[in-house]
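Common to both upcoming complexes is chain A, partnered first by chain B, then by chain C.
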Partner chain A sequence: MILVSLLFIPILAAILVLFIKNNKLANWTAILLSAFTLLLVLQTLAAPIADFDIAWLPNLNSRFVLHADGLAKILLLLTAISFPSILIATAKNEYKQKNVFLSLLLFTQAGLMGVFLAGDALLFYFFWELALIPVYFLCSIWGGEKRIAITFKFFIYTFLGSLFMLAGILFVNAHTVGHSFSIQSFVHANLTNAQQVTAFALFFIAFAIKMPIFPLHTWQPDAYEQSPTAVTMVMSAVMVKMGLYGILRWLMPLFPFAFMAHTHFVVALSVMGVLYASFIAIRQDDIKRLIAYSSIAHIGLMNAALFTHTQVATQGVLIQLFSHGINVLGLWIVADIIEQQTGTRSMQQMGGLAKKQPTLAILLVGFALANIALPLTNSFVGEFLMFNGLFLFNPWMAALAGVSIVLAAIYTLNMVQKVAYGDISEKINTMQGPNKGAQAVLIVLLILVFITGVYAQPLFDLTADTLKQLFVK
Partner chain B sequence: MAFMKILIAFILLWPFVGFLFNGLGRNYWSKKVIAYKATGYIVASFIASIFAFLHVQAHGAVTVHYFDFMNTATLKIPFDFKVDALSSLFLLVITGVGSLIHLYSTAYMKDEAAPHYARYFAYLNLFIFSMLILVLGDNYVVMFIGWEGVGLCSYLLIGYWFTNGNYNYAAKKAFIMNRIGDLGFLLAIFWLIAKLGTVNYSEVLTYERISNLSSFDITGITLLLFVGAMGKSAQIPLFTWLPDAMAGPTPVSALIHAATMVTAGIYMITRSNILFSHSEITQNVIAIIGISTALLAATIAIKQNDIKKVLAYSTVSQLGYMFLGLGVGAYSGAVFHVITHAFFKALLFLGAGSVIHAMHHEQDIRKMGGLKSKLPITHITFLIGCIAIAGVPPFSGFFSKDEILAAAFAKSPIYWVLGVLGAAMTAFYMFRLYATTFLGKFRGSADQENHLHESPAAMTLPLVLLAIASAIAGAIGIPEMMGGHHWLAHQLIPIVGEPVELGLTHSMEWILMAVSVSIALIALIIAISTYIKKTDEEPSTAIGKFFYNKWHIDELYNEAIVLPLNRFAGFLKNVIEKQVIDGAVNGTGKLVQYSARKVRLIQNGQVGYYILFMVIGIILLFVFWFNDLSILRFFSNLNQH
Partner chain C sequence: MNAIVVSTLLGVIMMFCSWGIQSQKAQKNIALFGLFVLIMANLAQANGWYTFNYDTKGMLAFNLFGLYANTLMFTLSFIYVWINGEEISKLSNAAADFYSLIFFILCGVSILTSFDNLLMLFIGIEILSIPLYILTGADKKNMLSNEAALKYFLMGSFSTGILLLGITLIYGGSGSFHLATPAIHISTGMVEEQLLVSAGLILIFAAMNFKVSAAPFHFWTPDVYDGAPTVFTSFMATIAKAAGFIAFVKIFNTQYLALGYSWTILLTFVILSTLLVGNIIAVFQRSVKRMLAYSSIAQAGFMLFALYGKSEISNESILLYAVVYSIATIGIFGVLVKMKENSFEAFNGLGKAHPLLAFTTTICLFSLAGIPLTGGFFAKYYMLSNLLKAGAGLWLIIVAVIFAAISIYYYFKIIQAMYFTAGEPAIGPMPKYYQYQLLILAIVLLVLGVLPNLLLNYLYF
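Showing the complex of A and B:
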């Protein structure tokens, strides 16, 4: 039952908030209910949870199956931490018709929870769309001045991806015993190698767009830049993980032959994308675009790590799924506070934050260090394991991808220098500093960065079952 | 065991507590509280380190396990710490010299506002913490934690005065150059894991394990480790960050950029000496890079006029000596030089700080002169430092440098000749610095002259203690030919093995020593007699300009690496990304938009498009549902052909 409530509490909250006209009350309702979801998720972590399984679309042989293993749990945890954090941190931001805005966000949360829980392919597709549709509306109604064109691009891209995936799902379904959509029957689907490759391609395109992987990435910096920051945070911290999740949950177990046949191609493509995005990040002046390209680089590395098909790198990804979300959330919140209070995203116009708002500057530096995977921050653990796997796969690939840790230091410290150091700029001088809620969220997230960076064992334990399933046959 | 577990935690955690205390309480504590606490924590750590050292002396090495840093099916990296002969020595140097520098800083930084004063000490405490992790770690990953941690603290302290743009650049440069080295280190770690499945010293550094490695593996791993050392210990080609690092407060230069952090590379190679000794190629590379760096930096030091820059290049040069020692297999000699260098270079930097303090932040030695009488304690202690680094017996630098030179001679007389040349230059530039600063007439403004004053006791006490140490520390390594016992070499036997027989007769060693000392003395006398009367003008000769401009290496890096990469990044951003990739995407988008308009499903607006695709999706579903799976057959037929 607890798994169902993880879906229905966000949906309930979304509907409830829709009818609360008082912004403050709507905000509090959303925060409290999402915090309640977090509590429920924390409850699921301790012990294995039985699947939830009822009939859904009997005509289609599709069942409503919710399944929570380590992979699902770590992403549920990330989702459940992200939403209250985002809601608190952006509580003071002004949006027209805020209750609708919040409601759509909460629908997205429900969709995301569903994606990570679905044990049935059609259900998975259903939630995949449920997570995306509210985001289209959020971007196109509440976005920046270029929102229409940007949302259109984003929409075309991801929707095309979804269609490919749907085709892939139907294709595999046709080859299952009794035309079932359950993940078990998909795993045992009777596919020839050539058929595997076709299905693999259909799924992979959807996931690659979602992450995104070079060269399918250009929707992302634009979408991040133009979306309202709360939505950017959801997309960047959680939604991009849908692609990686899809690979772990569907691609690897379903199409082992096709997966192994494409390792070299995908790893090379991803590593190239990592370097490409890192180089572009160096030249960004817009702080949101810088974080966007940095994120593309980090996600690309995770994808490369998955396709090494090594146990150690996969373990790294399982941890990094969570850590990257926390770090990027922190960076976005800081960037949002600066943008809200100075009205600019151009780093040239910033400077002197450390003098004007020392606490915020310290928090920025903290997340910047996590972004460059300094040891004892959370992302070191994940990146270390991922690079280790890359090295086992191909030492030259590891060396090449390793260049990105130098590039990451360059663009991240550039950002810190431009934003935090130097004399107080005109824009920064107008800042009042973060409100208490946002500051508290940042502090909690930063503590999480260091705790999971020093002692990541709980995350290892949490994801052990998934790793075993993928690698111990 | 339980006792050591607590003791090591105690050593490590006190500096960390200090970091938290000052970092979080920076707006609350008075400067007095900050100073007492920050220094007190390091002294506490020092006292604990003495106990740890004594424990090792009595009972041998101890390894303690706290928890696993990473533990996954195929790889286990424990959070283990080890106190043995090598790390216990480093513990004493780090916390000992660290305590003195904290004490010195309490007075040197007293003009800073309390929150910044606290920030400074928080960074300094965090540095000690990271450095202790580096030397105490029992595997390469824990070492790497400290390795990057000290890099971070160095970055934070170089950029301590963060409103100054140049200092920020210097800080960033330091971090990035270190990161390049760190990448080498990391790849070496992965290589070790790939071949041996472990990174624990006790498992990697054994003859049985190493015999499983091919010579290609050993050379590759050791060269990559050495790349890490190049970054941290400022060797060619990754040395240009260290002179710029002088942007930080002077006590920072003393602690981090002279006495401790920059010796991390020497520590790491000494720790892994079994590996390094198995690769002749790597050893030769290290020796050649070491001696080249020593000479290159010495030529630059001769022409610099900034008191801290001279000392910075001197540090690079001395580190080069240590690497020469490592390259020729004189591991205990290199460690010996680390220890003596820690004393005399910390002393020299702190002395320079005292001078700068008295001169109201003037660093140009041409505007000094005659400070001897005004700053008597600083003068005497600085002179001792100069004598020690110049290698004049019986001061400490003589013994450690001579041990390296003797080993170098045994390997190849060319190393020795170049080493002696470097030693002569060292004596020359140090006494040029000394004479220009302290001898002759005062050349600053009258205003400066009136304000000249000796520094307070919190600054002079560390100077005196370090001067004593610089004078007598040679006693821990008096060679047997002088009737000594070489305590240090015996200490390090568990780590680096029995001292290697050099195959030199005692008379030969005496001759080598006499030659190197006399050449250094001649250089010393020339320097004093020249610079007691005059200062250096802007260099006029081509070679002088070349040295003065630091061989134009910064400009070379800028032109050959930084700018091209920047242009490449700009090309990717403005051409490839905007025009090629996004151009293609937008073209496709326009096409879709165009055909959608043709179908007239919508007027405009994205919601309409959404509905369009929703409809497509639904149609797909319905086709599949009602047409008896015909679409699926279509797909599978497609594939079978």
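Showing the complex of A and C:
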């Protein structure tokens, strides 16, 4: 039952908020209900949870199955932490028709929860789309100047990707015993090697667009830049994980032959994308674009690690799914505070934050260090394991990808330097500092960064079952 | 049988109503009541309560699929009249005439769902088409409407001629009008006879493609849809078209074997060109009404997948698709009919001015585009799955999927205008109850988007 409530509380909250005209009240309702979802997720972490399974479409042999293993749980946790944090941190931001805005955000949460919980391919596809549609409206209505065209590009890109996935689902479904959609029957589908490659390609395009991987990434920086920051946070902290989740949940178990056949190709592509994104990040002046490119680099690295198909790298990715979400969320919140209060995103016009707002500057430095995966921060654990796996796979690839650490240090520290140090600029001088809510969220997130950086064992324990499933046959 | 008899009687009764009853509202209510009676009469046959007994000598055969299709088409017509009654009465003082024509069309529909003989097919198509020509020209003082009616009539008659020629060739080759003859004859007959029968089937195929506006026989569609009064475009694009498809599936589900390998090539060619023409030209339209005309061609491309080989779910898929597509189209035309102009700009700011109406339009457009949580998704899903089970190549599915993504472009143009572009929508007075009527369509689409079984389970009782 608890799994269903994870899905339906956000939906109910979304409907409820839609009818609350008072902005403050709507905001509080959204925050409280999403916090309640977080509590429920925390409850699921301790013990294995039984699947929720009822009949849905008997003619199609599709069932409404919700399934939560370690992989699902770690992403549920990330989703559940992200939403209240985002809602609190952006509570003071002004949006027209705020109740609709909040409602759409909560619908997105429901979609994301569904994606991570679905144990049936058709259901998975449903939620995959459900998570996308509210975001389309959020970005198109509340986004920046060029929002309509850019969001449309983003929408068509991802929609085309998911339609390919639908074709893939149909294709695999036609080859299962009894035309079922459950994961188990998909895993045991009768596919020849050539058919596996076809289905693999169809699924992979959808996931690659979502993450995004190098040649398919062009929608992302623009979309991140033009979206309202609360939505950017959702997209980069949680939504991009959908692609990685899809690989772990569907690609690896379903198409082992095709997966192994494409490891070199995908790793090379990803590493190329990592370097490409890192170099572009160095050249950025816009703080949102910088974080966007940095995010492409990090996700690319995670994808490369997954495709090494080593146990150690996969473990790293499972940890990093969570850590990257927390870090990037912290960075976005700081960036949002600066943008809201100074009205600019250009780093040229910033400077002297450390003198004017020391607390905020300290928080920024904390997240920046986590972004470069310094030891003691959470990313170090994940990235260390990932590089370990990459090295086992191919030392040259590991070396090339290793360059991205240096590049990450360059662009992140450059950002810190431009924003925090130097003389107090005109724009920074007008800042009043973060409000209490945002500051509290940032502090909690930073504490989380260091706790999981020093003591990551709970995360290892949480994901042990998934790892076992993937690698011990 | 019930449906054919009752719809004819009702058509005649309606005709006399325009003579005796002056009130437009009363005429609409009589039509609604008549439709209700029609639905009940059909249900009486479907459930075995009462059936007019008449020996048709094998001309007609009533099966569950045909009767259920009747129920659905009549229910859709009921919804259509219920929503559009007011607009219909604006067109003429004698709106009862139009209702009478609608009943005659429904008579054609019920023949098309139950014919077992090629002659009955011909009669059904004619009964369906002739009232449509008249409805197209209903706006007597409008030159465009007249032009459209004439064009439709000329082209339609021509295609009917082709249909008749096809039937004749089959008769010449096999000596029978029975629906199952060609398929049997192909395996036993002599070479010349086989050639005649195949040629006849191909001619029927072409004529049916014309009726459902599949490319390359689609050229009449945009002009006729654009010229006809918007209310009747809505009827033409939905119920009349759906009936055409049901007849199409009925013929070729049993006959495709007769054409052998060339059938796949023919059908694939028609489907691909229909999808291409419909989707690509729709992208460039400036008028919403014309865009919807091309979109209806594109949707026909998807519906043609139901012809792809014989598979147990092709009946299911055509019914689901026809119903869902009709509901969504009736919804959008219901909004369009209240617009002062047909351009995309007319929709600017509708989201703010009439949130409920904009929501309905959005759901209908989502459904046409095939986005999950709306009935349109399952409609497309069934079609594609039908295709795969019939043994078509994966490439065809991928092509279909790419065209579905293209269709997003032109459907979402309306959504962008409604929600993201500020402005004053060019819309006439919009009473609250009308908005709720349309909202019901959106709710039905959403329900079918989660539980399509509600519609399909009846096929198995």
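Heads up, the rule we're going with is that the second predicted complex is superposed on the first by the 473 of 473 C-alpha atoms of A that agree within 3 Å, B and C clash if a C-alpha of one lies under 4 Å from a C-alpha of the other, contacts with A are read in each partner's own complex, and residues count from 1 in each chain.
Operating definition for what follows: a residue touches a chain if its C-beta (ideal position, glycine included) is under 8 Å from a C-beta of that chain, and two chains touch if they have at least 3 such contacts.
Owing to the predicted nature of the structure, the values given are computational and were not obtained by experimental measurement.
Peer 1: I'd like to know which partner A:P375 touches here: chain B for first, chain C for second, both or neither.
Peer 2: After superposition on chain A, A:P375 lies in contact with chain B alone.
Peer 1: Going by the contact rule set out at the top, does A:G437 touch chain B (first), chain C (second), both, or neither?
Peer 2: neither
Peer 1: Once the structures are superposed on A, label A:Y421 by its partner contacts, choosing first (chain B), second (chain C), both or neither.
Peer 2: First partner only, chain B.
Peer 1: After lining up the shared chain so the two structures overlap, which partner does A:A174 touch, if you call chain B first and chain C second: first, second, both or neither?
Peer 2: After superposing on A, A:A174 lies in contact with both chain B and chain C.
Peer 1: Determine, under the contact definition given at the top, whether A:F155 touches first (chain B), second (chain C), both, or neither.
Peer 2: In the superposition, A:F155 touches chain B and chain C alike.
Peer 1: After lining up the shared chain so the two structures overlap, which partner does A:I133 touch, if you call chain B first and chain C second: first, second, both or neither?
Peer 2: After superposing on A, A:I133 lies in contact with both chain B and chain C.
Peer 1: After lining up the shared chain so the two structures overlap, which partner does A:P58 touch, if you call chain B first and chain C second: first, second, both or neither?
Peer 2: In the superposition, A:P58 touches chain C alone.
Peer 1: Report the partner of chain A that touches more of its residues: chain B or chain C.
Peer 2: B
Peer 1: Which partner chains sit in contact with A:F164 here, chain B, chain C, both or neither? Use first/second/both/neither.
Peer 2: Second partner only, chain C.
Peer 1: Across the two complexes, find the residues of chain A that touch chain B and also touch chain C.
Peer 2: Residues 59-60, 129, 133, 137, 140, 148, 152, 155-156, 159, 163, 166-167, 170-171, 173-174, 198, which sit in both footprints.
Peer 1: Would you pull the chain A residues touching chain B in the complex into a rising list?
Peer 2: 59-60, 129, 133, 136-137, 140, 148, 151-153, 155-157, 159, 162-163, 166-167, 170-171, 173-175, 179, 192, 194-195, 198, 215, 218-219, 276, 279-280, 282-284, 311-312, 315, 352, 354-355, 358, 369, 374-376, 381, 384-385, 387-388, 391-392, 395, 398-399, 402-403, 405-406, 409-410, 413-414, 417, 420-423, 454-457, 460, 464, 467-468, 471
Peer 1: Spell out the part of chain A that touches chain C in their complex, as residue ranges.
Peer 2: The contact residues of chain A facing chain C are 57-60, 125-126, 129-130, 133, 137, 140-141, 147-148, 152, 155-156, 159-160, 163-164, 166-167, 170-171, 173-174, 198, 202.
Peer 1: Under the definition above, what is the set of chain B residues touching chain A in their complex?
Peer 2: Those in contact with chain A are residues 67-75, 115, 141, 144-145, 148-149, 152, 155, 159, 162-163, 165, 168-169, 172, 175-176, 179-180, 182-183, 186-187, 190-191, 193-194, 565-566, 568-570, 572-573, 576-577, 581-582, 585-586, 588-589, 592-593, 605-607, 609-610, 613, 616-617, 620, 624-625, 629, 631-633, 635-636, 638-639.
Peer 1: For chain C, which residues are in contact with chain A within the complex?
Peer 2: Contact set of chain C toward chain A: 316, 366, 371-373, 381, 384-385, 388-389, 394, 397-398, 401-402, 404-405, 408-409, 412, 416, 419-421, 451-453, 456.
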